[in-house]
Every structure is written in structure tokens, then in C-alpha cells.
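What follows is chain A paired twice: with chain B in the first complex and chain C in the second.
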Partner chain A sequence: MSSPTPTITINGVRRPFSPGQTILQVANAAGVEVPQYCYHDGLSVVASCRICLCEVWSPNPRTGALEPFMGGKLVPSCQQTASDGMVVHTDSPKAVANQKAVMEYLLINHPLDCPVCDQSGECFLQDYSYQYGRGVSRFQEEKVKQPKKDLGNHVLLYSDRCIMCTRCVRFTREVTGTGELMVMGRGNKEEIDVFPGIPINNELSGNVIDLCPVGALLDKDFLFQQRVWYLKETPSIDPITASGDNIWIHHNEGKIHRVKPRENPRVNKWWITDEVRYGWKFVHSADRLGAPARKQYGYPAQSDFPRAYEIAVAGLRRAVEDGGRVALLASPMIACEEAYLLAQVVREIDREAVLAVGPVPVKGSDRVYPPGASEDDPRAFKVHAEKAPNARGVRRVLEALAGPGQVLDFEAFLRAMGKGTGSSGVRAALVTGNYPSAWTTPELLGCLGGKFIVAIDTLAGPHVDAADISLPAATFAEKSGTFENARGMIQSFERALTAFEGARPEGQIAFDLLHLIACGGEYERAGATRPEVYDAADIRSRMAAEHETLGVFASAVGHPAPRPQARPDMRLVEI
Partner chain B sequence: MNKSASQLGSRKAGKESSRGTPARDAPIGNGPRLARVRISVSRPRLSHGTLETRKKHRGARRVRLIPDARKARPTLGTAMSYTLKAGQPILTKRIPCWPFADPKGRHVVSYDEYVRSGGYEGLRKALSMKPDSVTEEVKKSVLRGRGGAGFPTGLKWTFLPKLTTDESGVEADPGARYLAINADESEPGTFKDRLLMDFDPHLVLEGIAICCYACRIRTAFIFIRGEYHHQAHVLETAIKEAYENGIFGGKGLLGGTATGRGGPFAVECHVHRGAGAYICGEETALLEALEGKRGWPRIKPPFPAIKGLFGRPTIINNVETVAHLPSIVEHGSEWFTRQGVASTFPNGMASYGTKLMGVSGHVNRPGCYECDLGIPLRTLVEEHCQGMRGGKKFKGAIAGGISMGILGPDQYEAEMDFDIGRKHNVLGLGTACPTVFDQDTDMVAVARNIARFFKHESCGQCTPCREGSGWLYQLLGRIEEGHGRTKDLDLTLEIATSMGSMPGTTICGLADGNNWAVRTIINKYRAEFEARVRPTFVPIRMTVGAMAKG
Partner chain C sequence: MAWITKNSAGMKIEKRSEPYLSETLKARFRSEILPRYETSMGALLPTLHAVQHEHGWLPHQALMEIADFLSLTPAEVIDTASFYEEYWLRPKGKRLIAVCRSIACEFCGQPEITEAIKARLGIDVGETTDDGEWTLVEVECLGSCDSAPVMLVDEKLHEWLTPAEAVKRLDEKPIGSASSHGLHG
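Moving on to the complex of A and B:
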């Protein structure tokens, strides 16, 4: 008698499954822990680590009585598809004996260098050794010693730590299609290696480091930087490209130490490009702006926020009073909420302010991995040529305010600025940046001359020096918000770090300016009122309420999935 | 230290034993035609022995050199009490083998000679039948795979996807299907396929043609072991001859003969040389290697008959298995089942037919013999091989290839058929090429040497085999050197028992081979191992006086 939805019983609990799922997939989805090394959702199944073996009983199709499956052999749960009525034991004496044996085998040639290993603390070998291994080693023989190898720009291989799960080899063959990695040698002497003279330098090479369940493949960038148990992780979104890859920011004491992919089957699957992985460096750049500045005698001089705000509001107002227009150049690097607030600032001063989207960098053309795969292939990974995370989101927000077709692109903005000498031309502009590297172009610099410019940016540059007021902004890691990626998916990200020195998120700067405008432009009149505090979630609901076209910000934002709670090692004991 | 086991893994053992006699009788040097001969049949022949045994029998090595000594050779088969049930050799019909003929007369059988001596008649008969009736005939003959596992060949063929026929009885096109002939004979002590490929390649080719026709396969690959340079060359020459004479090629089998299926049936045949890995003899690793990949066994299911080479249905048969096909088709399955023996177990599968048995080790006349299945090991050694070398006592024998485990001193009477595994606590018959040990053999060294082989040949895919085989070797090495303790012996047994595809912990059977070989040796010669190890002292805390309880 079979129930309408097929079920299997894992360790005594019935679990429903969809046909085609393997036992391990059912267990993983149900949160039943089955040890696994070589299995990865995004790669083919090789069933070579042999630790996920379990004891399976299946009903005899004729009598319905339970019988040992495959003649009572242990069955690799990663390979065996589930069938209705199966009874699976991962904790039976036979399965446990195998787990113990495999752990022992894996450890006999594994060096005991956890104290200096970067993987230590997030190492499958450590975790499973603790849960499934035996306490002492019975191995008295000599260990196989293997070399350390430099495999590419980002990847180091400590061969002796390798457990030969071949996830990395399968990744280069199945996902990138570049096939740089291979298995060399045989038996316990075999090693992962690259072919002579062909290092692993593909765009996705960093993922093999994440895939490695042990400390064999290491990140040169993260080597000996930080013990992983000190790292805090914050979900975020790729701040460099239009792909909207989901990432974890791993940081400690106000410093980012690395970026890891966050699984999202609809966007980046399990992978990110090296560009995104190492693209956070500008957050800690020596060129970061740390304090507001105003132009004095033609040179920027350090100032403070109240003074800079007052000058900025006064300057913008004067431009309108003189019959000119105010423009906003909203960079595609800032969050949707911030673009919305900044646009409100300029529209508060000038109802018909010119709204424009900043330059959208494009590098090369879009690429799909593995080469030749179609974009719709569920396994394909797309690398976007567009190197800005939020060009669509900023445009969507500005268009909701100014009307469709009223938002200028960068070229049109330059033209509008260029003819701005007339009475109705642009006399003042709010320019935002937040690009990961210097972005000032001679054309931009040329059209800024003779106008009142408020620059809000993260990195120093010629246009910041040329601005009348410059305000230090916060990078993606120092604020929350939403980005809309190339496929129109709006995803939120969270704040990981406190802002650098005196920097403030663009959204906060906008709130401060709005507050000052409401007070008449002088802090003396502000009295006891305080500016609102920038909170992305609040602004999203306000945007959705105020503009029908921005309803998506209430309904269709992808939030980071809650991180499954780690099971504590210790039991609470009443003292 | 007795190194007699070191010959186990060495390829020389096999080489000498199959070619032994002619090579030994060849003239020495360029001088007068002198030849070394054995003076009397009872004298031990020292084809290969250890340093020590050689020293011991130095007297026996002294040979008299007489001009043109071949005349002094004793007549063949005079003392034979054992004859083949078929009356004459079947596989070695054209290959002179002891005890029916002097191997000195061996030569490569050319196409013309093969046809003259009744070759390709089986194929002709097969083509006149329907493919399914050929399969049926093979199924009825209960021909069991000669590669080691003994799986019924006819049954294996029926696992291929069924072909549909339209109203007029014409079969649907099966698409690409492949036949892979497993000629990767790398098991130490096994040299039976080599004999066929060395001297009678057309017998193999005829079998391939019959199998391809029966299974509607248009492409056959012979995957030959990398070290078989000469055999690959012989096969390639034979295939060339076969193409020239229209056996294979575009026109169809046998020059485009009309078949029972309707119209000619064309088959292409290729030789693919391995790169020298034991594991490529495992059928799915063989397919990987044929595809040009690293020889790593695949996970099953899907089985090769459903999804094999290049993702297409594939049949994998041993060289000796297909060499049986021509005679089965020609003489019928009933004739075949008259040879060999039925199973002694109720409802057990029979072991019909003859089998090539390559005997190596401490026997007087090592070599490849064709015998009916079911021949007792004693008969094989005492009569075919003319007894143990130096008249020593039989100590044990590896049943058929080292992965099958060992037959102990009390199992000299073991019958060499497919029931041997169940009867005598070994893995199975394997390739039926026994390696025989005499009383002087150090079984610890044998175990260590076997473990060394498996450690070296483990492909490294599954954790238990990759790490366990190395550990076993190190443990046994330590025990052999006398640095082991009793607990090491137990640990060795534990490791051996926990790995292999039979408990399910590995993908392929290589670890099983390691496990069975080491485990049976330790179990059957435990005393010898225990004599080598020092006892493990277990500290016992004793309480005396007032503290003692009870």
C-alpha cells in the first residue's frame, strides 16, 4: 500500500520526496545530517568518498515485505534514487562502522596541521571526525608526503591535505568547461594537479576553494589572514557587476576578510566570479574619503557635515533662484532606496530637477559557462559584461518620480550640463559615485566647471576635488539596500561594517539634507528636530506606498534566506 | 628471507611459463648447435625460483650439453591418465600445448591456415541462423564468462535493449552498440588470453564476429593490455588479414554473405591499447579508458548493457569467452555441455566447457593447459605440470589470479570449476590460472607482495581502497620484517574485511581482491603470521590485599 506522495523512512522518520531525488537529497532537504564529501548539488555524482553509505531496506514488489536492498550491501546515498517505502538507516551499526572506517582511512595520510590550516574551523574533515570518527589513530606507519603547489593566480594546493573528492576537478570540467585540473598518479600517491604550463586562471577559479571540503585548495588572498571562527558573516549582493550574485561578506573587527558565494539557485547557483570574490578591496582603499570637504580658494578643505550641508543646500537653492535647474547624477552603484531619497532632495529644491543615471561601465561582452551552453540551461553560469549592480534599479526609481522617459543617461546628462550656461540650463548638480575605482572622465570634468557641484563619493578623484562640496559616502558593505540585477530581480543586502571614519551612506546624507531643507537650510532653526535615520526596509515600504509603480519594492524583493541554525556541540546543563 | 613470493607480481613468471619450453630449448650462442635439455623427466625444472631455492637445487641445474639434443626429448603424453572429454583440444586446437603436443611447434596461425583447419565455419553457421537463435544457443550452452566472475555470457547478451520488429519482420535499427573485448589480462599469474592472442588470433576474431552478429553490434573494440606489445601486433596483423579476406569491413561479415537476419551484416573491428593499468581490466574502467579518459570504474547502475561505451549499449566479453563461441555455434550447445561438470549444488549453475589454465609457481612444468572445468588441482599439478618442483610438498595455491584468495594445504583436491568459491572459501574461480607454492614458501611474504600489487594498482577513486590498500601493505611489510605485534595482525584482518564492493564500501571489486587474498592467506596460515609477530602485552591492573573484592 503506497501513500499518494511517495515517502522514505530515514532513521525512523518518514520523509516525503519527489521522484528522481536521491536518498541524500531527501535527507539534506529534511535536515537529516548524512556525512558527505564528494557530493555537491551543482556537480555530477561520483560516489567516491564512500562516507555517505547507508543501510537500505526496500519492500519486495510482490509481497511488500521489507528486504535488504542490493543483497544487504551498503548503498551510497548520493547515488541511489529514493523509491517509495524504502527504509534507510544512517545510524545502524553497519553504517556507523563504515563512517568510522572511512574517517580513519581519510585521516591516515592527512597531516595533523589544523593549527596552521586556513580551513580549520570550517573543515568537513574536522566536523565529521568529531561526529563520526574514532578518538585515536591506529596508524603507526609513515604518512605519504606530498608537495604544495601554486595552481593559479588565486589558488594554492596543499596536496597532502587533499582527500580526493574530485569536486574541484569536476567543477573545472562541468561548470567552467575549461578542465584545467586533473587527477595525477594512482592509489594513495595520487594528487590533484594542473597540466604543465596551464594554470587555473579562469574567471570562476576561486570557486574551487569553496568547493574543497578540506584545506587542500586555499585562497592566496585569505592565506593566514584570519581564523575562520572569528569571522562574522553578513548576506550581501554582488556590488561590482549586474549579475546580482548572492554573497556572504566575511568580516571581523570592521574589516572584510573574504567574500564567499551564497547559494541561490535562481541567480548564481553556488558560484561567483573572481571579480566579485576579490572586488571588495575598494572598501578598504587608502583613497577612501573620510570627511566632508568644501572648496576654499579653489582647493578642497576639510570641513564638517553641518557646515557642508548648509553650504550644499544654499548652493543648490541659489542655482534655482538664479533661474537654473538642479541635476542629480545617480550612480548605478548606489541602492534603489538611496536613489529615491536623493531624487527627493533635488526635487525638493527644484520640482523639475534633471534626473540622470551615472555611467554604466561595460567590459567585453556577456559570457556563459560552460562555453557553448545556452543561457536557459539550468546549469549554465552567466558572467555579465555590465559592471554596475543597480543600473536598472536606479532608473526604475527615478522614472517613477520623473515619469517614464524623463531620466537621462550619462551621455544625455553630459549634453544637458554642457548647454547649461543659458538661463534655463543646469546650474547645480548632485553627483554620486561609489564606483570601485576612479571613474572621472575628462568630459565629466569639463562640464562640471562653472556650476555648483555637490559630490557624494567613496574614493578621491579629480571631480571630487573640483566639487564645491564633497561628502564621504559608504560602500555597499557599510549600508543596507536593494540592487536590481540584469534579469530584473530586486534583491536586498545587509550592512556588514560600520561606515569608514566619517563616511555616511548616501541614504543618510539624503535624509540629512531633507531635514535641513525642511528647517529652512540652517541648523540654527532646526531646534530639537533630528534627521530620520536611514533604514532601507522603511524606505522600501514608503516607496511602495507613495508610488504605485514602485510597488515591487514591497512585494518582489528577494531577501537573504535565513541561515540554518548550527547545532550546538554542547548540551545545556543546569548548574 | 625467502623471496619466493616475489615472483608473484612479476610478469616474468607468466612469460616464462607459457613460452618456457621452446625458449629453453633454443640454441645458445652462435657456436655449434648445442641445446640444454632436461636429463630425466623426474628431475626438477627450474624455470624460475628464488635465490635460495636455486642454491639448494644447484645440482639439478647442472645440465649436460649434447649436440642436437632435441632427439632426446621424451615422447608426449605417455603417462597421461587425464584426457579431455571432447577427445581433442578445442581452444588450443591449433596451438600445441602440453600434454597433447609439444609447444615447440607453436606459431602464429595465419588466415589461410586457420581457414584450412576448419576456421570461420562457426561464423558461417551463425550467419545462417537468426541472431536471436545464436544467442539462444549460447544461452543454452551455459557458457560462463572466462574473465573471472563467471557470469553467463548468453544471459549478458539478453540485457541489451530489445529491438522492435515491424509487420514485415524487419528489425528496427539498433543505433550504435559496441562490443568491447577485454584483453587487459593484467592479473598476476594469469596468462591464458595471451596464448590465444599470441598464436591463434583468428579464433578470437571469429568469436567477435559471432558475438557482434548475435547482438547486432557493428563496432567491436579489443582493449588490449598496454604491456602486450607483441600480442597487439599479432592481432592487428590478423585484423588486417580479416579485412583483406572480407571477414570484417563494409561489405559485411564473410564477404557480404546473406544472413539469417536478411542481407549482409557489416562489422568493424579495432584494437585499442591500454596504457598499463590493472584497473582497466574492470569492465567499466575499461570503457572509460576506451573513451580516452582516466581508467576509473563507473558507478553502476546504469549497467554497460544499457549505457556503456560513449553512452551506448555495450557488451563486454573476455577473449577466452569469445574464443569459445565458434565451437559452440559449430557443434551446438549440447556438445558443449557434455564437457566440464555440472554444479554439485542444488540448482547451482553448471561449469561446462573447457578452460585454459595457466599454471605458474613451484611446479615442474609451468605453462598453459586446456582442461575440462572441474579438474582437481592435484591432477592439474601432478599430471599436467609433472608434479611439484623438487618433489616438495604442496603448501597452497592461488586459485585463479591473486585476487581470488588462496587454497590451503588441505585443499589440494579442490576441483577447478565455478563452485570452487563456495566450496573452499575463496572468492571464486577467477581466471583459473593457479600459482602453486611449495613447502618452502613464506606466506607472509606472499601476502605482503600481493598487498604491494594492489596498493600499486588501486585507482584511487574510493577512499577505503585508496588508503586501505596502502595501509595493508605497510602493515604486512612491518609484520614480515618482524616488527609487528599481535594487534597489527588483527588490524590487518579488520582493514581487509571492511573494504570491498561486497560489503559495498567501494565502487569496483579491486578492493575485494585485495581483501580476499590477504584475508584468506592470514586465516589459512595464521600460525605462520603469529610466529612473526611479537605478542601485544595488555597491562592488567591487579588489586591485592584488603582492596581486592570478591
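Moving on to the complex of A and C:
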């Protein structure tokens, strides 16, 4: 008897499925845990690890009676497509016996070096050994010893920890199409390796480290840096390219230790580029600005926020009083909400303020992996040449305030600044940065001369030194907000770290300035009132309420998917 | 426990200026091998055979040239070549002795045959004589259990051997020039 939606029964519970799904995919989607090493949603199926083998019964098409499928042999659930009426057991004595046998077999040559292994704590072999393995080893012979290998700029291979699932090999052949990795030899001498002298240095090489279910492929950058159980994870968005790749920031005690891809089938699938993976270093740069500064006798002198704010507001106001314009250069590295608030600051002082988007760095051209794939291919991965996360979002917000076509790009901004300080010329500017590296150009420095400049930036640089007031800002990891990627998807990210000491998010600086302006520009007069606290979600709803064109910030923002709560592996004992 | 390391990424392979895949060879592969296969991956095994036949073994440089010729990556080529024991990734002697060590031959006296050949040539299994003439290996079943014990010298199968007989067979003249390159297809 077949129902309209086909179903299979896994461990006694009926699960609907769509035709073409494998048993394992149905189980994974339903949250039924089936151990698996070699299977990965993004890669081809090889069914080589054998731990997902299950006992399957299927109805005889003539009689409808359940009969052992494939003559009662255990079936690799990752490879077997589900068919209506199948009854699958992953916890039957036969299936469990296989799981135990596979675990024992895999552990024969696996070194017992978990205490010094980076994967320890997030290792499939550890987890499954605990859940499906046995506590003791019957193996008394010598283990095979294989070398530790240097495979490339980012990747180390501890060969003797490898369980030969070949996920990494399939990744280099199917996803990047570069094919650097291979299986050398056969049988118990099998090893993953590269061709001698041809390293794995493709743009996506770091992903093989994530793919490795055990501690064989390791990240040179993260090697021996931190035990993974100390790490906290915060969902974030790629902060340095226009891809909008979803990432996890793994951090502890105020320091980022690594960045991992966060699965999103509509954006980055399961992968990120090495550029994004290792692109967070500027957050902990030695050049971070840690205190406001004001120019005295031509040189920057350390100041404090209240004093710097007062001078900033007074300077901006004076420019307007003298008949000039105020400009905002909103960097494409800041969040949409912050651009909105900063634009409000300058428009509060000058209704006709010039709004411009900062320089959008471009490096090379867009690339699609595997080479030759179409961009719309569901398996293709695109690397963006545009190296700014939010050029579109900042423009969208500024245009909502100034009107379409009224927002200048960086070139037009330089021209507008260069027109001189005469009537209706720009006499003061609020310049934001937050780029991962120095970005001052001679043209920028030239056009800032002779004007009142407030620089809000994260890293030191010539234009920050030249500014009348400089305010230390916070990087993407230290605030929340939204970025709009190259495909027009608006995605939110969360705060991972408290802001670098002395620095504040641009959004908070904007609120502080707005508060000060409302108080007449003097802190003394603020009395008991306090500036609002920057909260990206609040500002998004405010943006959507205040401007019809910004309605997308209420309706179309992609938020990080909540992580399914991990099941505790200890039984609760009531005392 | 010794800490074994290998700098795979930074290794230098031996190179010679003259290519292993000469233009004549390539032309021959194009007309004889490639048309028989739908994909270049399919043509890999016979190409490896042919190159090994030509040079006696498969140096890394030859593997890179094959990869280039078939539009594969060098890693894919060495992946395949290292799977089969019959492809030689290190030099071997001009002539190859392959003694079968599978169960039938072992029961019928293979260990003594191996010992006799080792004594005669003064080498161990897996080694090559100093003059570069002989390489001795033990292999799995040669498919001739009914005439065990057997060994293969180049391409000739020697059956129903005794230790003395096995040593005597080494003095036989090699058949043709092709046989001086050991196992091939």
C-alpha cells in the first residue's frame, strides 16, 4: 500500500522523503543520527568508510510482504536511494555489530594522541568511538607509522591519523577542479599526499581542513593555538569581500582564533576562500587605534571621547555657518545601520550634506570554481574580485536618505572635495575607513587638506594623522549589523568580541554625536540624558519604518540559522 | 617513536632536459591509444603501460608529462600509478624476476626457490643487482596454480620449478628486445 508521499521507516519511525534522496539524507534531514565519515552533502558518494551501513527490508512488489533487501546484506545508507515502504534499521544487532567492527578497524592504526591533537573535541572518530566503539583495543601488533606532511601554505597532514575517507581528495577534484590531492599507494600503505613539489595552494585549500572528519588535515595557522572546547562561536559574514560568505568566528577571551565556513546553500554552500578564512588578522593588528585624537599644532594628540566629540561637532557646524557643505564618506566596510546613522549625523548638521561611498577595492576578476562551471550551477563556488562587503548596502541606505542618483562614488567625492572651499564647496568631512589594510591614497590626502576632517577608522594611517579629530572604530567582529553582498542579499552578523579597548563601533559613535548635537554641542548641557546604545536590530526596524525604500531591512534580511541544540551525551542523574 | 616528516609540498623531483614522452611516442599514443577511450582518464592505464615499456620504469617527470598529455593533474596520474604494483615508480633492473608467493606456490616450495635465487644473485627480495641487470620481486598469484611453483622472468612463465631449475632458467636468453623491460601489458 503506497501513500501519496513516499515514506521509509527508520528505526521504527516513518519519515517522508522526496524521490531521489538516499536513506542517509532522509535520516540526516529528520535528525536521526547515523554515523558517517566519508559522506558529505557537497561531494560525490563513494561509500568507502562503511560505518553508515544499515539493515534494510523492502516490500516485495508482488506480495507487499517485507523481505530482506539485497538478500539481507547490510546496505550503505549514503548510497542507497530510499524507496517507498523501506524499513531501515541502524540500531539492529547486525548494524551495530558492523559499526563496532568499523570503529575497531579504523582505530587499529590510529595513534592514541588525542591529548596533543588539534581536532580533539570536534573529532568524528572520538565521538563515534564513544558512541559506537568499544573501550578497549584488541590490537597487540605494531601500528603503521606514517609521516607528517607539509602539503601547502595552509595545510598540514598527519598521515597516521587519516582514515582514508577521501573527502579532501574529492573536494580538490570536484569543487575546485584543481586536483592536487591524491591517494598514494594501496591497502594499509595508503596515504593522502600531493604530487612531489606541487603543493595544494588553491584559493579554497583551507576547506579540506574543515572536511577532514579526524585530525589528519590541520590548519597551520591554528596549529596548537587553542583547544576547541574553549572556543565560542559567533555567526558572522565575510567582512572583506563582496561574496557575503557565511562564517563562524571562533574566539576565546576576546581573541579570534579561527574563522570557519557556515553552511548556507544560497551563498557559499559549505566553503569559504582562504582569503576570508585568514582575513581576520587586522582585528588584532598592532596598528589598531585605541583612543580619540585631536590635532594640536599640526600633530595628533591623544584625547578622550567627550572632548573629541565636542570639537568634532563644533568643527562641522562652523563649516556650515561659514557657508560651506559637510560631506560624509561612508566606507563600504561598515554596516548598513551604521551608514544610516552616520548619514543622519551629517544631515543633522547640514540638510544638503554630500553623501558618498568610499573606495571599493577590486583585485583581479571574479572566478568560478570548478573552472568552467556556470555561475548559476548549484555546485559552483564564486570568488569575488570586489574586496568590500557592503558597497551596495551603504549605497542603498544613503540613496534612501539623499534620493536616487544623489550619492557620489569615491571618484566623484574626490572631485567634489577638490572644487575648493568657496560657497557651497565642501568645508568639512566625516571620513570612515575600517579597511583591513592601509587605504589612504595621495589623492584622498590631497583633497582633505584645508578642510575640517573627522576620521573614524580602525587602523592608523596618514589621513588619520592628518585629521582634525580621529575616532577609533570597531571592526566587524566587535559589532552587529548587516552587509549586502554582490548578489543583493542582505545578511546580518552578530558581535563576537567586545570592542578593542578605547574603540567604539561607528554606529555608537554616530549615536554619541547625535546625542551631543541634540544637546547643543556641549556635554555639560546633556545633564542626565545618555546617548542611545547601538543595537543593529533596533536600527533596522527604525530604518524600515522611517523610509519606505528601506523596507527590505525589516522583511528581507537573512539571519543566521539557529543551531540545533546539541544533545547532551550524559544521562541526567537525579540525586 | 621517531617523528617522521615529509616535505611533500617543497620536494624537488629529478628532471632531465630530454622529455620522456617524445613527439614520436605522443603521435603513436594519439593514433593507437586515445581513440579507444571515451575519456582521457580511461587512456591513462595503457599510456602508463606504454611509457613504462619504453623506459623500464615511470620517473616522476614522465608522470608529469603524461598528465600534461592527457589533461589530467599529476596527482591523478601518480594516484593511479601507485595503486598498481606493476607500475614501477622507482628504477628497476633490465630484467625482472617475479616469484609467485601465493598459497599454492608457497605450499609447493616457493620459499626455497626465492632463497636459491637470492643466493645466486646476492640480493634480497625487492632489490636490484649492482650491475643493474636483475630485479627480484615476489608477487601475488600469477594464475598458474596448477603448475605451481611458478615464476615470471620478464614475460616468460616458468612452471613446476625446483630451486635448482629456477636458478638454471635465469641463464636463458631473453626473448626479443621488448622483454628487457619487465612486466607490461
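The working rule: the second predicted complex is superposed on the first by the 574 of 575 C-alpha atoms of A that agree within 3 Å, B and C clash if a C-alpha of one lies under 4 Å from a C-alpha of the other, contacts with A are read in each partner's own complex, and residues count from 1 in each chain.
In this text, a contact is a pair of C-beta atoms (placed from the backbone, for glycine too) under 8 Å apart; a residue touches a chain by one contact, two chains touch by 3 or more.
Because the structure is predicted, anything quoted here is derived from the model rather than measured.
Enquirer: So if we stack both complexes on chain A, do chain B and chain C clash, or do they fit?
Expert: clash
Enquirer: Scan A:P199 for contacts with chain B and chain C and give back first, second, both or neither.
Expert: second
Enquirer: For A:T482, is the partner it touches chain B (first), chain C (second), both, or none of the two (neither)?
Expert: Neither partner.
Enquirer: Applying the document's definition of touch, where does A:S492 land relative to chain B and chain C: first, second, both, or neither?
Expert: Neither partner.
Enquirer: One more residue to check, A:Q146. First (chain B), second (chain C), both or neither?
Expert: A:Q146 contacts chain C only, not chain B.
Enquirer: Go through the superposed model and pick first if A:A101 touches only chain B, second if only chain C, both, or neither.
Expert: The answer is first: A:A101 touches chain B but not chain C.
Enquirer: Applying the touch criterion given at the start, work out whether A:T178 contacts chain B, chain C, both or neither, answering first, second, both or neither.
Expert: The second partner, chain C, only.
Enquirer: Touch check for A:N188: first (chain B), second (chain C), both, or neither?
Expert: In the superposition, A:N188 touches chain B alone.
Enquirer: When you line up both complexes on chain A, which piece of chain C, out of 97-105, 115-123 or 169-177, runs into chain B?
Expert: It is 97-105; the other listed stretches have no clashes.
Enquirer: Can you list the residues of chain A that meet both chain B and chain C?
Expert: The answer is residues 182-183, 185-186 of chain A.
Enquirer: Across the complex, what residues on chain A touch chain B?
Expert: 45-51, 53, 70, 73-76, 79, 97-98, 101-102, 105-106, 108-109, 138-139, 141-142, 144, 163-164, 182-183, 185-190
Enquirer: Where on chain B is chain A touching in the complex?
Expert: Within the complex, chain B contacts chain A at residues 277, 294, 299, 455-464, 466-471, 474-475, 478, 491, 498-499, 501-507.
Enquirer: What residues on chain A touch chain C, complex-wise?
Expert: Contacts found on chain A: 145-152, 157, 169, 172-173, 178-186, 193-201.
Enquirer: Per the contact definition, I'd like the list of chain C residues that touch chain A in the complex.
Expert: 1-13, 60, 63-64, 72-79, 82-83, 85
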